[in-house]
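Common to both upcoming complexes is chain A, partnered first by chain B, then by chain C.
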Partner chain A sequence: MDPDLQLLLNGVVSGLLLGGLYAFAASGLAMSFGMLDIVNIAHPALMIAGAFSVVVVGTALGLDPLLVAVLQAPLFYVLGIGIYSVYHHFFERRGEEALQGLAFFFGIMFIIEVGLVMAFGPEQRFLDPPYAFVTLRLGEIDVPLRMLVPMLLAAAVLGLLLLWLRSSFTGLAIGAVAQDAEALRLMAIDPVRIKRLAFGLSVALAALAGGALVVVQPVEPTSGQIFIGRVFAICIMGGMASLPGCIAAALLFGVVENVTATFAGPSWSPAVAFGWLLLMLAVRPQGLFGKAA
Partner chain B sequence: MSTTAVVPATLAPPPQGAAAPTRHLPFWLGAAALGVALFVALRLIGNEYGYYVGYFILQYVVLSSAWNILGGYAGYVNFGAAGFMATGAYTAIVLRKATGLDLLPGIVAAAAVAGLLGLATGYLTLRLRGVYFSIATLCLAVVLHTLVVNWDYVGGSRGAYIVRPREVPPFVSYGEYLFVVMLALAILTVGIARAVQHSRIGRGLQALRDNERAAEAVGVPTLRLKLVAATLCGALMGVAGAPLPYYSGYLNPEAAFGLAYAVNAIAMPLIGGVGTWAGPVIGAVVLGGLQQAATVTISSALNLWIVGWMLVIFVALAPRGILGWFQGRR
Partner chain C sequence: MHSTTRRDLGRFALGAAVGGAAAGAFPAFAQSANPIRIGFAMALSGGLAGNGRATLLAYQIWAAEANARGGVLGRPVQLVFYDDQTTPGLVPGIYTKLMDVDRVDIVTSPYATAMIAPSMPVVMQRNMCFVTLFGAGVNEVFKYDRHFNMNITGDNMKETYAKGYFDVAAKLPTPPRSAAILAVDNEFAQKAAESARFHARQRGLRVVYDRSYPPSTVDFTPTVRAIQSARPDVVFIGSYPPDSSGILRAASELRFNPPMFGGGMVGPQLAAFQAQFGPILNNLINWDVYSPEPTMNFPGVADFQEKYRTQAAKEQTDLLGNYIPPYAYAQMQVLEQSLARVGRVDQAALAADMHASEFDTIVGKFRFSASGEWAEPRNLFVQFQNVRDGDLEKYKRPGTKVILAPENLKSGELRAPYGPPGA
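After this line comes the complex of A and B, so read on.
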């Protein structure tokens, strides 16, 4: 096979796998930022916090990182509920989301990042499960298990989430709170309770994505910074409140970024994210799949 | 789905200082007198460390006043302070390497480049909701960091050196010279911020902060005002950064894009009190002074951590900042 073509094919496949990770990371944001209108810029930082806790607990108990990630998800759900309660009490209720609320999440992001630096030092941490060094070969295409296994977890979690949002009463209520919180009140549902629950879920998703990240690559306290551009770009590309849109955008984004990295060098990948973000905002702020506002 | 109370925005008077016509002369005289007093006091102390502390605090006065023009007056949060500041610093380095021009032309160039950057970012994102501008500035700092690390001309991740002269004639040391430059920049910035606040631009920005649609409806040219503010904000942040390489003699991306600038640029105005020119000055002096005092005893990471907590606690419990305490009592 033509080596360039083979490189491209491999780039696309590993881009899709990478896109799975991004979908995992961005889906929580699609819930908080997209559905609940809460601009949680601390989302990537929470993801890294989840990753570090996976590394610490997994190393101490000798457990698989993905297993630890699933087991600790309820704790992050509770943390998310706590954060939302503070946010609602001090900012949302007063109608001060715009300036003070944004600064609040910036502060949270900053506290997490600097806290991790103080606790673990600035260097990289890793926890490699045994399968991380195995690579499947399908003809000309390499599929490293390091990428594939976390993607399977992402697919399972996001599939369940999508099913739950579509079929359960609470799931439908989360979709509804994005559109009209007052109407929800008329149906005798407390929108604040629904938002609290959904925000808790979004933080749990961030921590799960952090666990997946540990398998894919080593993490450092500031890893979250390069994810901010990516997850927001994906979220906006996917049309904000739509989970399927977010997943499709993430896969597309993973492929573009990975092919760019293959042919132009990996140090340019953050620039790709930012370029896409600006382009989206300037040309199609309603997202690739959204209707014109 | 904003729950902001609808205020008849353009009709409501700005928080204060609007009743009497703005007097500029007393302000400039007072600022100049304060500047001279500071200079004389530090000369009498005669310690290099005094100039160091003075420079440290004054650069934050510039940075947080710049942030306040867009963030405080108009309510559009700029998270990219470190990016704009580093743009200024690296503009000064490039100018020095390319043409050999010194600090003062470097400051002018830094203002131009960082101002254009602010204008461009604003042009692409300010037509949308404010959060998009905030997100874009947040990513801008990360991307600029990547660019500088990959840019060999300015030393990449190794950093760049600037050979600074031992002294500049009328001043006793180069530290004193830099302090005086920063002092002048700080007075100028605060003066600009004050003038903007009391001008038609400032009133328009306050109107669109309270209710953008209402402001637009009564004929406030919101996009143009936001672009003016974004440009001014970027330019002044660049100005704050331009002396940085001269100050330390060496600059690497880690130092230029430091977390401290990103958080302080937001924490200082919010803790001092947003929306008026005095708030960021108070915030910068209090928070900058505290940090300078604290670095002696605790690590710089812990120091920044405390700033992060203070930011969160202040925005939650005292959304109008230190200035709000006094206004509430009146």
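After this line comes the complex of A and C, so read on.
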């Protein structure tokens, strides 16, 4: 095979695998930021909290990190409900969610980061399952299980979530609350309850993504900062309230990053990926799958 | 009944914060009988906290020992420190407070170049003698004659840093003809890469890949694959811990086994990294500052490491202390020895003494140059050998991090290519 073609194919495949991780990390934000209009800047920090929890529990019990991530998701769902309840009580209810709400989530982010440093120290933490050191060779294409397995979990979770959002009454209500919360009241549905549930789900998704991240790379308390720009960009690029748009944007972001890194060098990756975001927003301001206002 | 208002909670939080800061910043407050107060900012949280916390533990061990000996100049030693959160913007304010409000007697630096640079103007304004830790050519810009840097890189990093790596490369069974260079976008790594470029040119190697990457890079697979496709004989990487993990993982997954791989990667020196990567580190040749080889068994270093290792787990810092801690301890020995010779806290006299004297520390004997760097650079290049698992015990003994350069500290022979046996 032509070496350049081989590089391109490998760049695309590794980009799709990386995009799977980005989709996992950004999907929770697509719910909180995109659907609920809550600028949860602490989302990546919650993801890292989930990752640390996976490392601690997985190491203590000798369990697979992804299994621990799935098992702990309900706890993070409850945590999300708690966070939203505080946010709603002190900010949203009073109409002070814009700046003060943002400051609230900034505060949560710092508390999580400092809390993790105090509890676990600033060192990298890891929990490598045996398959993390295995690479499949499909002809000229390398597929490391370290990237593939988390992507498969992401595909399964996001597929189920999408199905639930489209087919269940509560799922449809979450979609509706993104459009018109007051109209929901007229249908005897409490929008606060729906938002609380959706925010809980978004935090559970963050914790699941944290488990996936542990398989991909070691984590440290400040690892979330790497993802802040990316997950918000992906969320906006996908069309804010659109989960399929978020997934598509994440895959595209991963492919653009990795193909650029292959051929132009890694220092161009973020510039090209974010430049592409700007270009796309200029042409299609509502994002990939967003609806024009 | 008194109900707690939000204002009450705010007062309580403020009181707790002030009390906590005082307790943390002045741990030796109770014993102070006109103590010598040494002030510094240190990364106790944020990206550099791993090494920051290890540094603080080394300082605390030195301070405890100094106080047990009766203090310095007959006065107890007190450490006054604040967390700079690995945020350069906080550093000038901290040093202003240390010198103007806390009125410390001596200031030492935060950890590493990015944090030292913003402290320099404030320290220079007060004409303080300033012993820094692991800066990389900071004083090239400031040219401050009271600056002394505890780092083995010495003056002229461009010509000295990567010399040992390319000296080792010259001993490969097949003489190398090409090199690849990859470095993260930060000052230290870029200077390391500049040195690698210089030596590759000097030795007639063709540079077939020369790129930088941003610190936010998540996946290194495409980058390592691009290097692999250029087929270099020698690969020089300048990276920081999270990136070093990704690069080594990618090299392992792609079965990339060039004759020589490594360079100036920060990460493989640390215990957590060594525990995680195990045999993937085999035959990696990397820059380092200390290895427990017989050629570096300086007086006092084994005792210090024993003390450090008994406290490291409790302090949640690097378990081995093979990287920064001996140098942090030695930094304080420099201050102690200079103060003993001068006999008083006199910033000008201390600086003059540091320029003139040789220091005998747990990391060996050395002098400072006119610019305050080590007069004789001592960049080590070590090779990981015989690594079968992530057990850390072997890193306490000779034979795992074998020194290949410089020649006067060499403790073993080069093995090539990079990669675990049979890779």
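Basically, the second predicted complex is superposed on the first by the 266 of 293 C-alpha atoms of A that agree within 3 Å, B and C clash if a C-alpha of one lies under 4 Å from a C-alpha of the other, contacts with A are read in each partner's own complex, and residues count from 1 in each chain.
The rule is simple: contacts are C-beta pairs under 8 Å (C-beta built on N, C-alpha and C of every residue); 3 or more make two chains touch, one makes a residue touch a chain.
In this text the structure is predicted, and so the values were computed from the model without any measurement.
Asker: After the superposition on A, what does A:D142 contact: first (chain B), second (chain C), both or neither?
Answerer: Once the two structures are laid over each other on A, A:D142 reaches chain C alone.
Asker: Which partner does A:G11 contact after superposing on A: first (chain B), second (chain C), both, neither?
Answerer: second
Asker: Examine A:I41 and indicate which partner it touches, taking first as chain B and second as chain C; both and neither are also allowed.
Answerer: After superposition on chain A, A:I41 lies in contact with chain B alone.
Asker: So in the superposed three-chain picture, is A:Q286 touching just chain B, just chain C, both, or none of them (first/second/both/neither)?
Answerer: A:Q286 contacts neither chain B nor chain C.
Asker: Pick one for A:S168: touches chain B only (first), chain C only (second), both, or neither.
Answerer: Neither partner.
Asker: In the superposed arrangement, which partner chain does A:I226 touch: chain B (first), chain C (second), both, or neither?
Answerer: Both partners, chain B and chain C.
Asker: Which partner does A:S267 contact after superposing on A: first (chain B), second (chain C), both, neither?
Answerer: Both partners, chain B and chain C.
Asker: Please work out whether A:F104 is in contact with chain B alone, chain C alone, both, or neither, and reply first, second, both or neither.
Answerer: In the superposed model, A:F104 contacts chain B only, not chain C.
Asker: So which positions on chain A get touched by both chain B and chain C?
Answerer: 113-114, 117, 226, 229, 267, 270
Asker: So in the complex, which bits of chain B are touching chain A?
Answerer: It comes out as residues 1-5, 71, 75, 77, 79, 124-125, 128, 130-132, 134-136, 138-140, 142-143, 146-147, 149-150, 259, 262-263, 266-267, 270, 274, 299, 301-302, 304-305, 308-309, 311-312, 315-317, 319.
Asker: Spell out the part of chain A that touches chain C in their complex, as residue ranges.
Answerer: Chain A residues touching chain C: 3, 6-7, 10-11, 14-15, 17-18, 21, 113-114, 117, 120-126, 128, 133, 135, 142, 144, 146-147, 216-218, 220-223, 226, 229, 254, 257-259, 261-263, 265-267, 269-270.
Asker: Which chain A residues qualify as touching chain B in the complex?
Answerer: Its residues touching chain B are 37, 39, 41, 86, 90-92, 94-100, 102-104, 106-108, 110-111, 113-115, 117-118, 180-181, 225-226, 228-229, 232, 236, 267-268, 270-271, 273-274, 277-278, 281-282, 285.
Asker: List the residues on chain C that touch chain A in their complex, please.
Answerer: Within the complex, chain C touches chain A at residues 44-47, 49-50, 52-53, 86, 185, 211-214, 216-223, 225-226, 229, 241-242, 245-246, 249, 252-255, 270, 272-273, 276, 316-318.
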